[in-house]
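Next come two complexes built around chain A: one with chain B, the other with chain C.
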Partner chain A sequence: MNAMPAAQPDPMAPLRREWTRLTPAQRISRWLVWLVCAAAVLWAVRSIDIIPEFLEDAPEQMADLLVRMWPPDIAHYYPAVHEALIETLHIATLGTVFCFTLAVPLALLAARNICTIRPLNTLAQLGLVASRSVNSLVWALLFVAIFGPGAAAGVFAIAFRSVGFVGKLLSEALEETSHGPREALRASGASWGAEMLKGVWPQVQPAFWGIALFRWDINVRESAVLGLVGAGGIGLVLDDAINFFQWERVATVLLAILAVVLLAELVVTRIRARLI
Partner chain B sequence: MSATLTPPAGRRVAFAPNWPMRIALLLLAAYTIWACTRLGLTWDRVLHGLGEGGKLLARMVPPNFERWSLLLEGLLESLQIAVLASAIGILLSLPLGLLAARNLSPWFIAGPVRAVIAVCRSLHYVIVAILFVKAIGFGALAGTAALVVASIGFIAKLFAEAIEEISMKQVEAIRATGASAMKVIAYAVLPQVASRFIGFCLYQLDSNLRNSTLVGIVGAGGIGGTLFAAFKRFDYDFVAAILLAIIALIFLAEIISGRVRAALR
Partner chain C sequence: MSATMTATAPAAGLASALEIRGLVKEYVAGKPVLRGVDLAVPAEGITAIIGPSGTGKSTLIRCINRLVEPTRGSIKLHGEELTGLSGRGLRLARRRIGMVFQEYNLVERLSVMENVLSGRLGYVPLWRAWLRKYPQADIDRAFMLLDAVGLPEHATRRADALSGGQRQRVGIARALMQRPDILLADEPTSSLDPRTAVEVLELLTRLTAAEGVPVIINIHNVDLAKRYARRIVGMSGGSVIFDGPPEELETHHLRAIYGGEDWM
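This part shows the complex of A and B:
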């Protein structure tokens, strides 16, 4: 059997015109995007301050570090690491609890259907954004300067960092609530507090617990590093071990952090599945 | 909550008290008080801290922009770290995400790759940065490597989840034409997840930029080193200037990525 002859009179020729997915303008804009990306990467590669010798022996050094970490010094876990771990969990939980004292009022002010004064909305939103843009470690630095080193600074750093995140999500949940129950309550002569508690709260409750759990999970991760700037928790133990080059201990601490973070994620997904 | 929906057995109570919730809240309050005493958080300390905080704020105002060249240098280095880490992270996440998707690769490959991704995700980037600083020395390289790890943890995980949700019909169709594995990926898998992948990448670029302003605290390059040095020297007015610059940069990035996302839609 031969292949089909190519040049045959073709009755379907009009149907065979070339179809293209993109218009020329689209194609050019796509190329431009790629060009910008490539240029950004090129600029970064050419001007970044990387010492070639460091890059060259990086794999060797990483391997060396891993070898030094093995085997982990399990004996070091109790009591030093264990207590620091408990402190870290306390910092994360207390930070999450405290953040609501600031986040709930700000969220109420930021939600356009609850607070109808526009300048106040904007102001609250600005506060939330400011809280989110400053990293938790930077908050920790500030609070270490205020409270001195220790867990107190960690709790406040976690709380202030969480306000922006929780407040934003909470205000979005508030804005999505239905107006009906509130109006019904108001018609029956309920006070503002009762209106919030019985008209709005039941509607945002699932979102509220979801946000709280989600943030707690993030806070467990974040509170593990706060000790690096002196704000208490397991980061302190980690920092000490690294500064003394006790790599087996570092491995123990890292494994402990890993276990707690994975456990926290598991707990959160379990509770979420049951709650929501 | 659900009790009000079921038909009432006896007398119906409006706003029936939710006892489990009340007990849970009480327990939470008790825990809070107990944990506060454990951590040595007392009201006196908070009040004292408020006074100190006022003093700190007073020293931060007005922000001191005199050393702007140092500031600019740090910001540019942070930007470079973010761009490089995102680029490498995205390139590495593509194959890792494909390998971790349980509908495309066999379990004995997907399992270990998923574990690697989970480890990347669980370790905070600052901890990873410390390890890299100790292993490969101070500077931007360590910061870039740390953020690459963080990017993999995020993009590869979400990418794998997105791939697991694709329709297998198109994969089967392409496979039926006798296409090789790479062609199946290029023509059946990627078109279905491309837009979401770009979304993840944009988000990660954004958060890499945030994080690259911070890794300097542990000596991994960028503006964070300048910030930490200023903190240690109690140059609080310069600290305020750096913080304002970082917030401005992040705002700008958020606006740009918002625009890009709107244009993509």
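This part shows the complex of A and C:
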């Protein structure tokens, strides 16, 4: 400490502290994650055999299809497409309503602050995951086998596919509720039902209606394809038109679906904005 | 209970509303937060519990209405043992115990009126609560209490539109809505500014005196405790180490309760 060396090293050096956001181990593991991602993409591209000739004339085919579709066969809209469209909306609506009768109990069981029995939480979550892991077309195939072809199979397919989605979001909303109000009501001698009704429901209400509308919106789109496997709705009309190469009719159906989806989106955003 | 500096025994003869004997609470087995608390709360007036954070004041209060499950000991409300109750018996006992919270714990998205009426949830059947068809007598009393806490024009406002002081007034009205035999207040003024804190305590004192409801209050502010309480209970390390009227609470007591003296 007494004599300064000639090369004038910084006297503050021992006091200077270094700061880095990540430790070396973290930095390496981040690089590894990127590497794995890149490798996965490369592997995917190599393993799906893209036939170059098909890729080459795809624009041509597309143009040909569009030409065949034009002009859309508007006359075909009423009554065939119209009625199928209405049926599609009914399937979506009934399916959404029915899904809630299953999703609400499951969500209550899955929410760890509502149901404190851990095995039940896990079981309910398992149920929700199972519902989500099966695509609605697959659900529809199952229910067509059970109920025969028609709208009933569609309603059940939509309901069972939605349970997982709605139940998960609902249970998350339940878990985010603050404990204080419930505690206050419990302290005043309220029953479990009253605690749920006045302490929990007001807290999840906006989320509940938001989820319901959002899922209905999705279900309108999903139920449009259910007809492809015979579960009713506009998909059936679409399937027929494609099978008979009636491309003008296909265009009509596609436009009708587009219009309904846009309309549903519009309505849902309007209502959601008012709810929250 | 090593060195209890009981200045005066709770006025003998006057029946106590609440009697706590040998209350022990261990959140983790072998690590008691409450180490055998004995306390008798008189049938009227405010009893203030003071003590450093983490000494078990809140736990003590929550053991009374069983929001926290006591490990051992006895708690009697007007002679009725509370510790063994469960299910319906517990709910009936809780109806008689009002509670006011530090964070108010109102249901934010409900109106002030509904928050006050929710103090009756232990009494009204579920369908009435669901349809909001509370008995007229309850509605009358709710309006009366809203007048009393000075919020008559706020009945239809949503609770989340109120200020902290207003929310705590609603909290007091909700607790009194139960027509409780005793009122527990857990740090009711700690989230409020000094002036509002005094106003809220003033209100709490006045209304509970008018209804003849004894109050147990956890409070950090020793001056406020001395000003409003008829009796002070000093806790430290999970035990009661002072129990007496505010006049008898002296510096050496405070030193024993909070430790050190630099803060005084």
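We adopt the following convention: the second predicted complex is superposed on the first by the 224 of 276 C-alpha atoms of A that agree within 3 Å, B and C clash if a C-alpha of one lies under 4 Å from a C-alpha of the other, contacts with A are read in each partner's own complex, and residues count from 1 in each chain.
To be clear about the criterion, a contact is a pair of C-beta atoms (placed from the backbone, for glycine too) under 8 Å apart; a residue touches a chain by one contact, two chains touch by 3 or more.
Keep in mind that what you see is a predicted model, and the values were worked out from it rather than measured.
**Q** Touching A:Lys198 in the superposition: chain B (first), chain C (second), both, neither?
**A** In the superposition, A:Lys198 touches chain B and chain C alike.
**Q** Let me test your reading of the model: by the given contact rule, A:Val36 touches which partner, first (chain B), second (chain C), both or neither?
**A** Neither partner.
**Q** Report for A:Ala152: first if it touches chain B alone, second if chain C alone, otherwise both or neither.
**A** In the superposition, A:Ala152 contacts chain B only.
**Q** In the overlay, answer first, second, both or neither for which of chain B and chain C A:Pro181 touches.
**A** Second partner only, chain C.
**Q** Which holds for A:Val261: it touches chain B only (first), chain C only (second), both, or neither?
**A** first
**Q** Counting only touches as set out at the top, which of chain B and chain C does A:Ala190 meet: first, second, both, neither?
**A** second
**Q** So, does A:Asp49 touch the first partner chain B, the second partner chain C, both, or neither?
**A** first
**Q** Which chain, chain B or chain C, is in touch with more residues of chain A?
**A** Counted on chain A, the partner with more touching residues turns out to be B.
**Q** Chain A residues touched by both chain B and chain C?
**A** 198, 202, 205
**Q** For the complex, which residues does chain A have touching chain B?
**A** Listed in rising order, the residues of chain A that touch chain B are 37, 40-41, 43-45, 47-51, 54-55, 57-58, 61-62, 64-65, 87, 90-91, 93-94, 97, 129-130, 133-135, 137-138, 141-143, 145-147, 150-152, 155-156, 198, 202, 205, 221-222, 224-225, 228-229, 232, 238, 242, 254, 257-258, 261-262.
**Q** Over in the complex, which chain B residues touch chain A? Could you list them?
**A** Residues 1, 15, 28, 31-32, 35-36, 38-41, 45-46, 49, 52-53, 56, 76-77, 79-81, 83-84, 87, 118-119, 122-124, 126-127, 130-131, 134-137, 139-141, 144-145, 210-211, 213-214, 217-218, 221, 227-228, 231, 236, 243, 246-247, 250-251 of chain B touch chain A in their complex.
**Q** Show which residues of chain C lie in contact with chain A when the two form their complex.
**A** Checking each residue of chain C against chain A gives 65, 67, 91-99, 101, 103-110, 114, 118-119, 121-123, 126, 129-130, 171, 174-175, 178.
**Q** Could you please specify the touching residues of chain A with respect to chain C in the complex?
**A** 180-181, 183-191, 193-195, 197-199, 202-203, 205
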